[in-house]
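Two complexes are shown next, each including chain A; its partner changes from chain B in the first to chain C in the second.
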Partner chain A sequence: MHLVICAKQIPDPETPPSAFKIDSNAVVPAAGISPVLSPFDAQAAEAALRLKESAGDTKVTVISMGKESAQAAIKQVLAMGADEGVLLNDDAFEGGDSYTTAKVLAAAIRKLGDVDAVFCGRQAADWDMGQVGLGIAEDLGWPCAIVAKDVQLDGSALVVQRVLTDGFETVKEPLPAVVTVSNELGDPRYPKLQQIMQAAKKTVTTWGTGDLGLDASGVGAAGSKLKLVGLAQPQSGGAVQIIEGETPEEQAQGLVQALRDARII
Partner chain B sequence: MGASVFGLVTAFELDRTGATREIFFNVQQPWAVYVMLSVLTGLMVYGIGRHATLWAIGQPTPGLREQITKRLTHFVRLGLAQEKIRRDRYAGIMHWCIFSSIVVLTFVTAQVAIDDDLGLHFLKGPYYLFFSFYGDLFGVVGLVGVGMALYRRYFDDFHRIRWAERLEDHLIIWGLGVILLSGFALETLRITADELHQHPDWAPWSFASYGLALGLDMFKFEEHQLLAAHTWVWWGHLVAAMGWLGLIVFTKLDHIFFAPINAYLLRTDSPGRLTKIENIEEREVFGVGQIQDFTWKQLFELDACVRCGRCTAVCPANIAGQPLSPMHLIQDLKLHLADVGPAVQKAGHEGHDVRAVSPLAMVGEVIKDETLWACRTCGACVQECPVMIEHVPTIVDMRRYLVMDEARVPATAQAALENLEQRGHPWRGTTFTRTTWMEGLGDVPIFDGSQEYLYWVGCSGSLVERNLPVTQSVFKLLREAGTSFGVLGQEETCNGDPARRLGNEYLYQILAQQLVETFKSKNVQRVITNCPHCFNTFKNEYPQFDGNFEVLHHTEFLAQALQGGKLKAAHPVASDVTYHDSCYLGRLNGVYDAPRQILDFIPGTNVTEMKRNMSRGLCCGAGGGNMWQEEVGARRVNHVRTEEAVETGATSVISNCPFCIQMFEDGIPAVQPQEEGRMRAFDIAELLDKAVFGEPAPRS
Partner chain C sequence: MAQNVLVIGEMVGGALAPTSKELLGAASRIAEGGTVAIALLGTGAQASAAEAFTFGATQALTSGDATYDVFRSDQWLPAAEAAIAQASATVVLIAQSMVGRDLGPRLAFRNGSSAAMDCSRLEMVGGKLQVTRPAYGGNALATYEFASALAVITVRAKTQEALDATAGATGATSELPGPGEARTDVVSREASASEGLQIQDAPIVVSGGRGLGDPEGFRLVEALAAAFGSERAAVGSSRAACDLGWYPPSQQVGLTGKVVSPDLYVAVGISGASQHMAGCSGAKAIVAINKDREANIFKSAKFGIVGDYKLVLPALIEALKQAR
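Let's turn to the complex of A and B:
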């Protein structure tokens, strides 16, 4: 079996909001913010690797579209246990949206040839669009199950537990298929040092538009369908409301009422 | 005692030149002693040889030929003079009584043998009388020691020495009692039958036996009865003594040899330093997952353990009911060595795979993961161990195996490690940046190589809300003292300490090497740190990476500034405080005085020490990477320590470490649920800030 993990490198999502500034509709991160692997993509990798362990005789390839620095994200997934890495790097890919990203990734998956399943994070933790997994499935004409908390192989199909607001549902999709994975899956594994060192020694293949047979006008900023209209930084603030009440029970009731009024519960 | 004084007085009035006795008095087969001694020697050689083949499966121990003078000093002070045993006074007296008695009485016995068998006959005249006296004296001293030991083993409330009790513990102490008492019985019988009547002026020198002989004499036994009894007791005494000596290499008595040797083997560098894994990128195994991966010194010291329980009694994890007892850990490893050592040795000898030998995983089954994670690396066990076992490096070696070889890490610790890898600090989810603390302080100088000191703020000092005011106080005090200093601001990254303590030596080395390069490129010579963990890392561990800097903790610098008059603590700060020694400043680096000197300078501040203080101080619970772990066990260490602080009646607990402050802040509401009159936790710099500037220290 051949599984593919799509991994994106993003600015550290845990950077305090105050460290970002907005300059003419572009986000400017403060100096010293390190790029990291999108946490949902680490969970996607974990799901694929669990499947590899249970299925046996499986190859796992990690692909990432990004700058040269995205090698680090690829190496991280390789250290976790993926076998091969491909970096999709081309100046033409810059400035794209979910549509062009899905297009490029789908082209790479097609080029890999014998892929049985694709694992994406439920969304990238920078823009939180959650479109790329679905886009890849659309482009390839494969089924897609989103927001998975468990993925199992059943013959030539995937059995996926999908997280819903009030529980979960189990769906079965025939291979080849796409899955987007949610954090409910559990913590991604911590690589052994031996694996980190082996990953460091692995060569990552790089493909550009030419390798993928793509036209530069159809990818990146040129091919984007989404137009950014404006950006604004959210204002945050706080206010304190003291809930009065004679007894703890009354106070609790007051608190519940206040939370209901604020539509929090 | 009356008898001995009498003896002393009369002896000098009498003719003493003829005093002597027949050696092996009344005994027909004295050569039997030598047969037994030969057997005993053979047994000892065999026993030690058996131990030695097990130690030999360990790895080479570097550095043993360096620092010979220091090692010999350890050998004499810790091995022979037994300085550490005295840290428990009762045990110190007890052990000295038994130790000195065995040494002197062995000397006495040896003199008897030399006197007779080499035909020297020097046991005569005044020396014979003196010999009789000190022989009896140390017999009594030995009995006092044995009595103290018996009391502690059987009548003291459940004592730490019973935490891992074995049959040999009873055998050894009763055996010693039998030897000493039978020795007195022999002397008593001999004196009653012989000296008492023939040389009544010599007899009182053996004061204790003389007193007993006077009593026995009243029963008017026939001489042949006394002599027959003497023969029986003599054999009994001999067999008991030989049997007891035979126990040495097969029981904990082997500490007679192993403890002084282990004192020689003891590290000569700071106890705060962990070993560096050299050429880590070329290794296949990183930590210690199998017994033969320890150094032979680490295996040797397992045999020195006497199960006294001192380590476990002071272990913060154990005190809080968490799953770590350093003594049991050492004992479990010792048993495991005995279990699998011979097979490992055989496999290695025959060229087979030694890694396939053990049926049990040493890390995970013999020693549980949670045991290794519970260690605070506070060094209390190492500090107390009377036979100089170093538990902490052994525990960290196994953690290294867990993290680097097995990737088996508790989730919260893993998050801290990943955060270090990705963000260069362990504080996941912080909403602060490394420059947040600078707001409102005016110009904060950035270190550019022209200043004398680098003020190293550290991750906690800049990214944890509670620690920000401490950083601000230290900064203001440094500025007030006219110090030439700068900070790195956004360029600071973690120096790697949490990674090393959590067992990720690889990550530590990457972080350390980067920072040493940064320091060198900026021409850093002197560093002042906020955090004792950073302090220890720079001071004791960076020399392993060719980073040699002069490092001061802020308490040391501020104490100097106060003494030199550069800072004036003019404003009284009326408060009752207690002072908590952080392990990494106190026990592991010996800085106990500087912080207390600062407290002395602050007018109006009254200090009450906690029951555990200075080198006996209890860890706050955060050390060894436990700041980032969920605690497993009956209680939390910080609650225990907070209770001790509250017991002093102080209104504030003062410390010097960002972790300690956080742990107290967390522990106080648990120990004092009522908000009113609740204790508060401050860094000493915050207190000094109030005394120097006369304003309340900023507090969130």
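Let's turn to the complex of A and C:
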């Protein structure tokens, strides 16, 4: 089998709100905080690698659309256990939306040729859209199961347990197929030092529009029809009223009184 | 400019879902003289259409085929496309539900564009539709316009006001095609056991987080909710606590969980990561109970107690009992 993991490098979502700054409709990279592999993509990698272990004789390729710095995200997934890495790097890819991103990733999957299943995070933890996995599936004409917490192979199909709003659902989708993975899958594996060193030595292939047979006018900012016209930080509420007291009992009584005075209870 | 807006409706137990009423309200506000249509699929579609007319729909496109009762995107997608064509829609609104998360992107991609997901504000600005949505875990608000012929928008629950019901309002009804084949087979479904009051509906939500230190802490959180009154208060959890297995994912409040907008939200041992605040920032008042005065949660809270919840909660439960 050949499995593909789609990985995105993003600003660290654990960046404290105080270090989060916006300038000219773009996020300013926080000083001293390195970008990271989007956490849901690490879980997607974990799901694919678990499947590789149970299925045997499986190749796993990690692909990422991004700048040269996204090599770090690719190397991280290689260290986790993926076999090969491809960076999709072209100035023409920049400034795109979910649609153009999915188009580029789908073109790369088509070029890889023999792919059986694609694993994406349920959403990138920066823009939180959650569209790219579905977009790849639409482009390739494959089924897609979103928000997975468990993925197993059953013959020529994937059995996917999905998280619903109020419960779970198990679906069976024929291969080739796309799965988007949620945090309920569990923690991704932590690479050993030796794996990190091996991954560092691996060569990552780079493809651009020409390699993928894509027209630059259809990707990136030129191809996207969802236009960002504003990016701002939300206003925080008024100052908090801290209920003081010598004892927890005094604090508790003070809070109940404050809630009553404000006609909340 | 007049917009023909199509709402992809959802039903709960055969009745029109509250989110669909909210979407009809939003649709009526942005239509600017265009039509407001609703697509309804599955058992109860006809009755729900009648209800939708009283909440602002002018046109209903329905199929009562029970196969639609279980959402499968392979089957809903062609029906939604047929509805877009029948309603000559230029804007499609879907709730940010398991239906919207799946159908929204697919409908947009099939029309050569991205959807705008999980939007909290929709408005017409100088004849152009602008939508705003939280990004970067709620640290930013992003505003978009559409250069595509069709704008597909999923909308966060409880961010839009439904219209007051107009008794006796009616509209045009037409039939949508029945379901085709689905590639993906639903093998089984299990509902998570959350009986009684649902957190989305509760006027008071008491939530616990990683700061509880152990799953046993949720017993105190539950006791506090009971002290507010089990008919009024429900228990929620942060994603961190759910990921640790301390509380069921069905109770998770946040960007990837449920969005609540109660009168009172009590956050116990929750640091207030923007991921979590995205799910509770609509609360009228937030009370934070945390031993760390520097915790982010105090920035959003109206009232705060700095202290050990193991001491504060029993005292608070007692104070609530005395206040009754």
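Note that in this section the second predicted complex is superposed on the first by the 236 of 265 C-alpha atoms of A that agree within 3 Å, B and C clash if a C-alpha of one lies under 4 Å from a C-alpha of the other, contacts with A are read in each partner's own complex, and residues count from 1 in each chain.
Note that a residue touches a chain if its C-beta (ideal position, glycine included) is under 8 Å from a C-beta of that chain, and two chains touch if they have at least 3 such contacts.
Note that this is a predicted model, so its numbers are computed, not measured.
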With the two complexes superposed on chain A, say which partner A:Q251 touches: chain B (first), chain C (second), both, or neither.
-> second
Chain B versus chain C as contact partner of A:D12, first or second or both or neither | first
Kindly classify A:G230 by the partners it touches after superposition: chain B alone (first), chain C alone (second), both, or neither?
-> second
Now for A:A221: first (chain B), second (chain C), both, or neither, which partner does it touch?
-> neither
Chain B versus chain C as contact partner of A:V28, first or second or both or neither = neither
Could you say whether A:K192 touches chain B, chain C, both of them, or neither, answering first, second, both or neither?
-> first
In this superposition, the partner of chain A with more touched residues, chain B or chain C, is C
Kindly classify A:A55 by the partners it touches after superposition: chain B alone (first), chain C alone (second), both, or neither?
-> neither
Do any residues of chain A touch both chain B and chain C, and if so, which are they?
-> 16-17
Parts of chain C lying in touch with chain A, wherever the complex brings them together | 73-74, 97-98, 101-102, 104-106, 108-110, 112-118, 130, 132, 134-148, 183-192, 194, 204, 228, 239, 242-243, 249-250, 255-256, 258, 263-264, 274-275, 284-285, 287-288, 293, 296, 298-308, 311-312, 314-316, 318-320, 323
Spell out the residues on chain B that touch chain A in their complex, using ranges where they run on.
-> 281, 284, 286, 403-407, 409, 411, 414, 417-418, 422-424, 428-434, 490-491, 504, 506
Once bound in the complex, which stretches of chain A touch chain B?
-> 12, 14, 16-19, 30-32, 34, 36, 187, 189-197
Which of the residues in chain A end up touching chain C in this complex?
-> 11, 13, 15-17, 20, 22, 27, 97-99, 102, 122-123, 125-131, 134-135, 138-139, 143-147, 159, 163-174, 182-184, 224-234, 236-238, 240-243, 247-249, 251-253, 255-256, 258-260, 262, 264-265
